[in-house]
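The following pair of complexes shares a single chain, chain A, combined with chain B in the former and chain C in the latter.
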Partner chain A sequence: MNDSQMRRVYLDHNATTPVHPEVLGAMLPYYKEKFGNASSIHGFGKEIKVALEESREKVAKSINATSNEIYFTGGGTESDNLAIKGTAFANRKKGKHIITSKIEHHAILESCKFLEKEGFEIAYLPVDKSGFVDPDDLKKALRKDTILVSIMYANNEVGTIEPVEELAKIAKDNGVYFHTDAVQAMGKIPADVQKLNVDMLSVSGHKIYGPKGVGAIYIRKGTRIIPWSHGGSHERSRRAGTENVPGIVGLAKALEIVHKEMEEQSKHLRNLTETFYRKLTQAIPDVFLNGHLEKRIPNTLSLSFKAVEGESIILSLDLKGVAVSTGSACASGSLEPSHVLSAMGIAPELAQAAIRFSFGRDNTMEDVDYVVKILPEIVSRLRSMSPLYANK
Partner chain B sequence: MDRQKKNRPLAVVAMSGGVDSSLAAFLLKEQGYQVVGISMKLWDFKEVGGDPHPDGRCCSVEALNDARAICEKMGIPHYVIDFKDDFKKTVILNFVEEYEKGRTPNPCIVCNTEIKWRCLWEKAKALGAEFLATGHYARIKYDEKAKKFLLRKGVDPTRDQSYALWGLSQENLSRTIFPLGELTKREVRAKAKEHKLKVAEKMESQEICFVADDDYPRFIKEWLDKQGQGLALSEVEGLVLSEVEGSRACPERSRRARGQGGKIRRGPIFNLKGEKIGEHKGIPFYTIGQRRGLSIALGKPLYVIRIEPDKNAIYVGEDNDLFRSTFTVSHLNWIAFDDLEKERECRIKIRYQHQPQEGRISSLTKNEVMVKFKKSERAITPGQSAVFYQDDVVLGGGIINRVVNDWSAD
Partner chain C sequence: MYSAKVMDHFQNPRNVGQIENPDGVGHVGNPVCGDIMELYIKVEDNHIIEAKFKTFGCGAAIATSSMITELVKGKSLEDAEKISKRTVAEALDGLPPNKMHCSNLAADALQKAIEDYRSRKKNI
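And then the complex of A and B:
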């Protein structure tokens, strides 16, 4: 067998996903004949404007919003930046206090750090051992001058689904804006902005089989927010810059597909991950789940392999054609223990031993069996080298 | 070779992005090994600055990108592994401590034993590797009679790097491949070109990688300044801030953390008659044989002859005062045999750019030998490595410990 014949299994869908063929098909005309600028008044522009607004409509529909509450951005990170900084600066006369959690994506945490330097005060809510934010903690953290609460819908590293509906209600009852980073939740669990009662919600294209470099943010009508990039009056002056129309068309198509197939995919992914978890824990002793087996997005499993360095597992699996990661793709390469696992109170040696398996629509039971076949050998090799592991 | 993949042994190649390690990886793949390239992240110039060439040096983003691109082209996996903490705890700590003791360390040798053949080898084994390969110009041969893996010079006399490898154990050598040992640099360049291994024409790295500007005083000063703020050595030693700042609570430990020389202090410069003729800026800034920076005008060029950290003193003299023939070597590692049982003749190399010279070695204790050159040598420097050769075979090596004041005996 040579390298090109090696089985390749991609289990890193929380890092990024392949573009769905239908998505690509929908995008291609906008790289070719439909190249116009949506702001132009001539025919070339007009057909693009139509496509842009149709896409906006599709995105709105998938989260039960109206289309004039959808703004396209350059990705999930940009959506988060706009939500945090845009709301903070628009409401700073009311107050300078913002509440978030310790397990947010860096797009949120680093935006908050920036705001701290600008004189804002940020409260970082703790999480329990499964990664849940306690609504009581939010109640206690709220102050008169709190202007924004931002809690993610589902965590990217461990998959834990936060009680956003309950948290948003608390914020709303106190007249405070609520934002949720739904980048990892989209397409995996229902995201109805009316039911969730959120004011802002971030979406990314490439996590849902859409293209990279495009995202969207839902901003409830009446929300006070200032733009974060200035220029033309694109996106109703909240996000200047010529629209990435092929990307936007792709994002809308991707959302449409994942929305339509959510139930079926959810079953498929839950079946794969549960089988994987069961078989793997039978084959390998001392494997610990980080997160919650039930209240998680169905594709994500974070497992710690006692006394083994996560990095060595990743590289060994890569040599066998299997792609997984430690925490978030953005943080890999650094040996710092994951901020998410630390916040969950996972001991550093188990946090270093964590692997995130994030499945996707194209994964099969054969993929599960392949990894279950090769991983025990890798883990036992690494444990045989580890002074930390006493063989029973 | 067309062996089945499962029978192909896995070899990890330490990749710098340069021509030597790239060709080493290429040759191994050609020989039928399953090859994985690993680049080590060892140092961050943000630590104490001094990166005048942020272009294509080991550890730089460009070098890592080059290594990755070459591996991609060869169709072999490539990973970047972060060993920065280990590097600080071993190589940097030793580097600074040795200078503080008035000695002149050779960090590349510490890096080989502590980082490449310890940390990297551990990582390689974790990936299932049976061998570690590097682009060093040296050779390894198993000797049936001695039942030892012997380390030999590379065939290119101008490139031989066996001197820097004296610290390798038998276990290391049994698991190491030097694919370039039988080649000359010229041949390596030609082969790389022939196989279209696009390696940018980079300048050869001569300086120590983490002091790219070659300014050791700056490095040591900035590092120790940072340590004074409880940032640098306190981290690597796991000491709390107050201890490093020299609180009375634990003076022993804090002094040890700074090395036996303690703080950098100005001190006297003596001539060999013991007369004070000037002041030095602190002993870490001087090395044996150094002429620059003495700020003394006596009509004749003066050189650092001896450094005495206990007295915080430096002794200077004329060029011919630098010649010595007898010294001791400690931190021994024997390769060709288990122990030096009786006195023997061999050739001894006392610095990287030095032709091995004839002399005799004899054991003082189990961990220290006495070396006597036939003819005296200039600037035998404590802290540098002494490597013992029999023809092209490395018998073993160690660190120069004390130089005997025998210049008059010659």
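And then the complex of A and C:
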């Protein structure tokens, strides 16, 4: 079968999503006639400034913040870097202790590693077998010199939703700032910064049908934080650099859409993933769920296929037009088993056998049926080659 | 990212399986990534007349396993011993840089299988 005939099914939405047509439509004028620089005082600049502030208002509204608490960045990674390093350096007179978890995205973990070299001390909280951080562990880890807690809202590899509200309350009761990486949670579960009681929250455009290379961070009024990039006085001096206006307009539009359609999409995605899980586990023996079937973002399923290495499944599915990944896209070049699955205590052979299926708004039940149809043969072929699988 | 040859051997691996009453077995694990390979050989007149494998591993691991069973067939033990991970990788038109270690698996399994054959012979 050639490529044009083959069905193509994209199940890697946690890596990135296609730009929603309405988002693209909203962005285009800002590449064409509305090209001005928001900092200019002439008419070309002023209309851009207006668009920028309208976008800020939209983002604020989607998370129940005020617009002067929203700062645009170059993506989720940059938002995370600013939250961790900016807060650390602004508060180091108070203390040098930071608490995070073992299953954070590398944007957080590598920022923390950098801080360790700068003399900060980092506590990495463990997770249980489903990937949950235990609030009691946070209580125990807090010290007098703790300045920041950062725990993700939803995990990108297994989809587990962390008890952020409870964790943030513990931090707040102890006078410690709380940041959450909500990159994978946005548009999938409610993210209300007042209800969650977080001081900072990171957002990325390309996970929510917006453009790549643009993100935002919510920083609660009064939070002590220093900028991480220096230059002009853009973003009220917290993030220098001429704003990526088309990107920002796109991000805001995307957030508006996913926020508005969350309930309906959530139902759609839960239906697809639950059906997929049920049918697949009926069709293939020895498949194990990594994470929690209920408390997960509705689009994400991480499954381990006993005795079959993940990459060999990805390659086989790719040959049939289906796109999935092993863990985080950024880690797929690496040979180490996923740090998330290791932290969950998944045995190495099962961690190596994990595949992340992340569904999106355009997926259909036919997509589910197609993958359920082709995957059993792929798995049994690979198992017949595997020294770890006793053929029955 | 893989060459067409790697993909061919991945999709249509040659000589998958086990040999009953093999003359030598090489069982190796890749310490870098945890992948595992078993290689079985049958030897007659100092020549490898049959080779089969089972592998739990990435695309490159499966392709190199398949390729090495082809490369050894009919070779004298001395010639087979000279097959290095480079030889296997080259026979597959190369491997991506971060996948070079995968060819260790096949090369090591071969050395182990030959060692196993020799030690069995000694003990007869």
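In the analysis below, the second predicted complex is superposed on the first by the 390 of 392 C-alpha atoms of A that agree within 3 Å, B and C clash if a C-alpha of one lies under 4 Å from a C-alpha of the other, contacts with A are read in each partner's own complex, and residues count from 1 in each chain.
Operating definition for what follows: a residue touches a chain if its C-beta (ideal position, glycine included) is under 8 Å from a C-beta of that chain, and two chains touch if they have at least 3 such contacts.
Bear in mind the structure is a predicted one, so any value in this text is a computation, not a measurement.
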item: Clash or fit (per the criteria above) of chain B with chain C on chain A; value: clash
item: Which superposed partner A:Pro387 touches (first chain B, second chain C, both, neither); value: second
item: Partner chain in contact with A:Ala307 - chain B first, chain C second, else both or neither; value: second
item: Partner chain in contact with A:Val50 - chain B first, chain C second, else both or neither; value: neither
item: Touched partner set for A:Met365, first chain B, second chain C, both or neither; value: neither
item: Touching partner for A:Pro348 - first (chain B), second (chain C), both, neither; value: second
item: Partner chain(s) touched by A:Leu293 [first = chain B, second = chain C, both, neither]; value: neither
item: Colliding region between chain C and chain B, picked from 77-85, 257-265, 347-355 or 401-409 after the shared-chain fit; value: 77-85
item: Common interface residues of chain A - those touching chain B in one complex and chain C in the other; value: 309, 311-312, 315-316, 319, 333, 335, 385
item: Contact set on chain B toward chain A in their complex; value: 4-6, 10, 36, 75, 77, 79-82, 85, 122-123, 125-128
item: Footprint of chain C on chain A - complex, ascending; value: 307-309, 311-312, 315-316, 319, 333, 335-337, 348-349, 352, 384-388
item: Touching residues (chain side chain A, partner chain B) in the complex; value: 1-3, 309, 311-312, 315-316, 318-319, 333-335, 378, 381-382, 385
item: For the chain C and chain A complex, residues of the former touching the latter; value: 2, 7, 10-11, 13, 16, 27, 32-38, 53-59, 61-62, 98, 101
